[in-house]
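After this come two complexes, each holding subunit A, first together with subunit B and then together with subunit C.
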Partner chain A sequence: MPTKESDEARLRQAGRRRRARYALVFLILLLAFCAITVLNINSGSVRISLPEIARILFRRTGDAAQVSIIWKIRLPRIFMAAILGGALALSGFLLQTFFGNPIAGPFVLGISSGAKMAVALTMIWFLERAGNASSAALIAAAFVGALLSTGFVLLLSRRVASMSVLLVGGIMIGYICSALTDFLVTFADDANIVNLHGWSLGSFSGMTWDNVAAAGTIVAVALALVFALSKPIGAYQLGEAYAQSMGVSVRRFRVLLILLSSVLSACVTAFAGPISFVGIAVPHLVKRGLHTARPLVVIPATFLGGAVFCMFCDLIARTAFAPTELNISTVSSVFGAPVVIFMMLRRSGRD
Partner chain B sequence: MDLALETKDLAVGYGGRPLIREICMQIRRGEIVTLIGPNGAGKSTILKSLTKHLQTISGRVLVEGTDLRTMSCRRLAEKTAVMLTERVSPELMSCWDVVASGRYPFTGRMGRLTHADEQIVMDAMRTVNVLELAERSFAAISDGQRQRILLARAICQKPEILVLDEPTSYLDVRHKLELLGLLRTMARQKGVTVILSLHEIDLAQKVSDKILCVKGDRIAGFGEPAEIFQDARIRALYGLDAGAYDTAFGSVELPKIAGAPQAFVISGCGSGIPVFRQLQKDGIPFAAGILYENDIDCRVARSLAAETVTEKPFCPISDAALERAGQLMAGCERVIVTDFPIGPCNERIRELLNKIPAGKLHRTV
Partner chain C sequence: MKKRILAFAVLACWCAALLCGCAPSAKKAASDTGAPEIAGLTYESTMQLQYANCFQIYRYEGGYDLIAVSDGRNYLVIPEGGKTPRGADGYIILQKPLDSIYLAATSAMSLFCALDRLSRVKLSGAKQEDWYIPAAADAMAAGTLVYAGKYSEPDYELLMSSGCDLAIESTMILHTPEVQEKIEELGIPVFIDRSSYESHPLGRTEWFRLYGVLTDAEDEADALFGKQAEIVQSLSDFQNTEKTVAFFYVTNSGTVSVRKSSDYLAAMIELAGGRYIFKDLGDPTTATSGVTMTMEEFYAAARDADYLIYNAAIDNPLGTVDELLQKSSLFADFKAVKEGNVWCTGKYLYQATDVLGSMIQDIHTMLTGDGSQTELTFIHKLS
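Showing the complex of A and B:
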């Protein structure tokens, strides 16, 4: 018969093991982050040696062209991949919490595509009239588009309880939005087509420090809010009814979740276009790694994981077939889709 | 009177349409109230309305005198804990995590557990005997174990009112008894008010202070078990046309086989019960006698036998009973005699034994 002391000792030991695991996962993610950052700065069509890079970064001196490549092209791009990757993974995590299903994500539910369509419309409108479109307008458009798609998915979810029908509905909404976007792109001015086409397939190229500041601010605020919501998110993992019985005001919480996940995925789409599978694959891998769903650890780890994943994908997109650059979705799908398939197999095996 | 919960002319249902109306009940602190009634009668609907999971249609629910509608979810969570029938399958949550979620209303902004919280979680798990499951994944344990984990979760919320929807549905008999014993202890020692629904009416009778019968669009009865558990009431509540329900023991018997008796059973003191049940299973109509009305065989025979010849307790066997038993025996193909004691009261049973027609006698030991 286990005594009170032996029980406590056992649980304390389990707690220590758990915390050690969290620490290990965070350590690995941080190391990966640093390694990929260095690799990203170091690789590209213009080769710059490591000591040279260090000098350019820390003293800002050296060959003017190289300084400009690193400071104006590579660094903003790296920051953007990190910020938007984290945002996308977090958006996926929020949607998974909302729908109580690990296969929900901004891309499969058509939210990214809705944002994409709204952004394309706005871009064409502005490019034809003013010659360029402001970040604020694009983000606002993406947010509206994301909310519209989410609204459709929510309407659908009221009528059908089945998650698979919901996913099919989301994918269909995604296709409709993509088709409309393609239609717009086809009939846009020749001058805009190159721009629009590259963007509508997803890419981190051409990011500026202004973009970094805008995206960074929005994502930082959203991340802080999500983190502040980690307590009700934890309660909601037991389902709506139990969450309510614990004192969560469920209606307000659901609205907050949808708004935050829409802001996050809209921000990504506005700057980099739709990026597939990050929102599903990263939270899943991170939760498996941590072996827990506790939001307090999963939220920061997911953000970090998303950043690493997107920086890694961007690195491959830039270097695999250099000088030709791949779309970011091409790479993220190759790595993300198998994870999703694996997840579905595991789930159907268990149920 | 120290009322924990009161409903006044409450109507509950879905989508604005009332399913059950005019629910009036007063529940005192530390009472156990059980909702019984057939499937789909609306037991869960009533429970969900009491916990604010379902909007009430009209009337009022007062929790310790405060109207439920003016009470925030947070305030309600500090007073009541629930255990629901809906399945939860959280990903990657350990049993400890699930139980610890019961501390939610009492933890700080980020929901971190203090040492005191951890002690409460541990005590709750120990009370329900699930501490050894603490590190297991909630998704990987059995339905019965999950039910006990959810009970521990409800307990560690330290509620004043505990609402449990069919808490025993997946439990084996030992854990059913443990759970109900635990509820009684909590009600008696800590003054926790318990409202639950049960399908096992025998257990409902034994654990409850009050019973609420749910059937049709009104409440079919609310009162103490002694008042509710009467043969006719229970039969009407569940629409028992076939089979029998014994209100004293809460046991059920399958429907009796109709027709002219083919076998006659002479037994006593419980020795006839296995014979009656076997005949019922084989589909053979039978008669039994002569049984004293206070004999346990008599209770079962009345449920299963086509005809039972009885005698008043502690009286010598009358001529009338002997004659009727003889008639029935003559019409049967066989007579089954069990091993039972014969004393001064029932010694005339020997006269019946002597009258058994040759070749029809079957003895059981």
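Showing the complex of A and C:
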């Protein structure tokens, strides 16, 4: 018969093993992050040696063109891939928690469709009449479009209690936005259609430090708020009734969850266009790696995992067929889709 | 009420952002006000243009030129060894010699080749297989011209490491403003070629003279442009044949894409002695050059056209009438098909800005020839 002491020892041992696993996952992610950062800085059309890169990074001296390549081209791009990749994965984790469905992605609520519709409207209507628009206008359009979709979902969530109905509602909003985009495209010229298609596949190309500052600020605030919600998220994972019994205002919490998730994915869409599969694949991989869904652990790991995944995809996108650059969704889908298929197979096997 | 205020604020932010991008240049278009006064420079003359109305060139003492383009962008061209004048703020500075150019505006390549200034273009926005200009394709094969990514995704690193001193873009860049801003952030001036907005076909060819200024080949540019203008002038006394021509292609979705009536291709048909079948098609004030219509609409309008010219710019060139009928059997009812007057363009047409006069000559030959000529420079008859 097991004694109280042996039970405690087993629990302590399990706790140690759990912490060791967490530490190992974080260590792997951090090492991967560092390795991919170094690879990204060191890869490009122009060969720059590692000592030269180090000198440019730490002393800002060297050949002027190489300094510009590192500081104005590679670094902002790396930062954006990390920030937006992390944001997208986190957004996916929040929505999966919200719907209790592991294949709910950040764009399931029609966010990318809303953003695409607004970008199409800006490109086709305003460019046609005003002649030009700044990148800030396209970013603002995508952001507004994404948040408009979210607004409709929030309105819907006030009237609908069922998660599956809300999910269907989000998908329907996506369809409506896509239909409106197609309507606009019908009257667009070839140049607009080509560019809209290019935008909808996403890219980290041409990122600037201004983009890094803007996206970094939005994502940092959202990340801090998500961290602050760790406890209610943990309670919600155990069921709405349990969360309510723990004093969580479920209605307000759900609105906050949708809003935070939407702001994160809207930010990604606005700056880099829609990026497929990161939001679905990364949280799943991270949770499997950690063997837990505890928000305090999963949130930072998901963010880090998303950053690593996106930086890796971006590395392939820009180097595989250089100087031709692949769209980021082309690469992320190739690596992300098998994960989703695997998840579905496992799920159906369990069922 | 609060919600309305919030919605209004969001809308206002969006509009403000758009306006930032859409705001015209602070300087008034030079073509409206005459030569702008630039502190430190003395105005000399204005280039007399014959057909082009999308740019104007003002000459200043010391070899300085100001290129004012109709989109409000003003480029101050500084001669080799010249200093930037103190009144240059607000102008886009192009410091000569411009000998490491990234050319993403494919229509300008033929002008560089004809001017014998291909060596100034070091980076290409099109791949070797996409060039229909032999000199450009040969230069890429030889490695003197390097592919540096398309206009929407240029290889910024290659641009920087090659010492690129000018990026020439088509108006496609306006759809990807972030790319233009990034290139400019790297210190590379961006010139936007608006020749496609010229309403007169020779207006496009007159851009020869602009590139002549940029590459110190003004005499060559004048001579080459004069030759094309002569071809058109030789047709000026010719009475219009009143034969109608439809210029079109069938899209993958089965609709038909035609040019609007104010487009330069419609003008070429008129100059060649024909009548474009669509009289008032499309809004002449918008930037769009094409109009997509249903097959039914096209059938009703172009069924009795004397000539059909299939536009193979996007689609593949056709060789036989059967290939056209495979796109839609309705074409069998067309007068031009019945009479064997169906022609097709080659891919070269849209890159051959330097010899648009010859394209007009081709259409003229098509309209007035005895039928023996079936292979012209830009168009061929379907068998």
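Note that in this section the second predicted complex is superposed on the first by the 271 of 351 C-alpha atoms of A that agree within 3 Å, B and C clash if a C-alpha of one lies under 4 Å from a C-alpha of the other, contacts with A are read in each partner's own complex, and residues count from 1 in each chain.
Just so it is clear, contacts are C-beta pairs under 8 Å (C-beta built on N, C-alpha and C of every residue); 3 or more make two chains touch, one makes a residue touch a chain.
All values derive from a computational prediction rather than experimental measurement.
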item: Partner chain(s) touched by A:Pro338 [first = subunit B, second = subunit C, both, neither]; value: neither
item: Which of subunit B and subunit C A:Val144 touches, first, second, both or neither; value: second
item: First (subunit B), second (subunit C), both or neither touched by A:Met123; value: second
item: Partner chain(s) touched by A:Tyr242 [first = subunit B, second = subunit C, both, neither]; value: first
item: Superposition-derived comparison: subunit B or subunit C, residues of subunit A touched; value: C
item: First, second, both or neither for A:Val46, with subunit B first and subunit C second; value: second
item: Subunit A residues contacted in one complex by subunit B, in the other by subunit C; value: none
item: Touching residues (chain side subunit A, partner subunit B) in the complex; value: 2, 4, 7-8, 11, 14, 102, 228, 230-231, 234-235, 237-239, 241-242, 244-250, 287-288, 291-294, 296, 350
item: Parts of subunit B lying in touch with subunit A, wherever the complex brings them together; value: 51-53, 72-78, 80-82, 84, 86, 88, 90-94, 96-98, 101-102, 104-105, 107, 109-112, 122, 126, 131-132, 134-135, 139, 157
item: Sites on subunit A touched by subunit C in the complex; value: 44-46, 65-66, 68-69, 72-74, 122-123, 126-141, 144, 147, 186, 189-192, 194-195, 198, 203, 205-208, 322-325
item: Of all residues in subunit C, those that touch subunit A in their complex; value: 10, 13-14, 17-18, 20-22, 71, 147-150, 152-158, 160-161, 163, 171-172, 174-179, 181-182, 185-187, 286-290, 292, 314
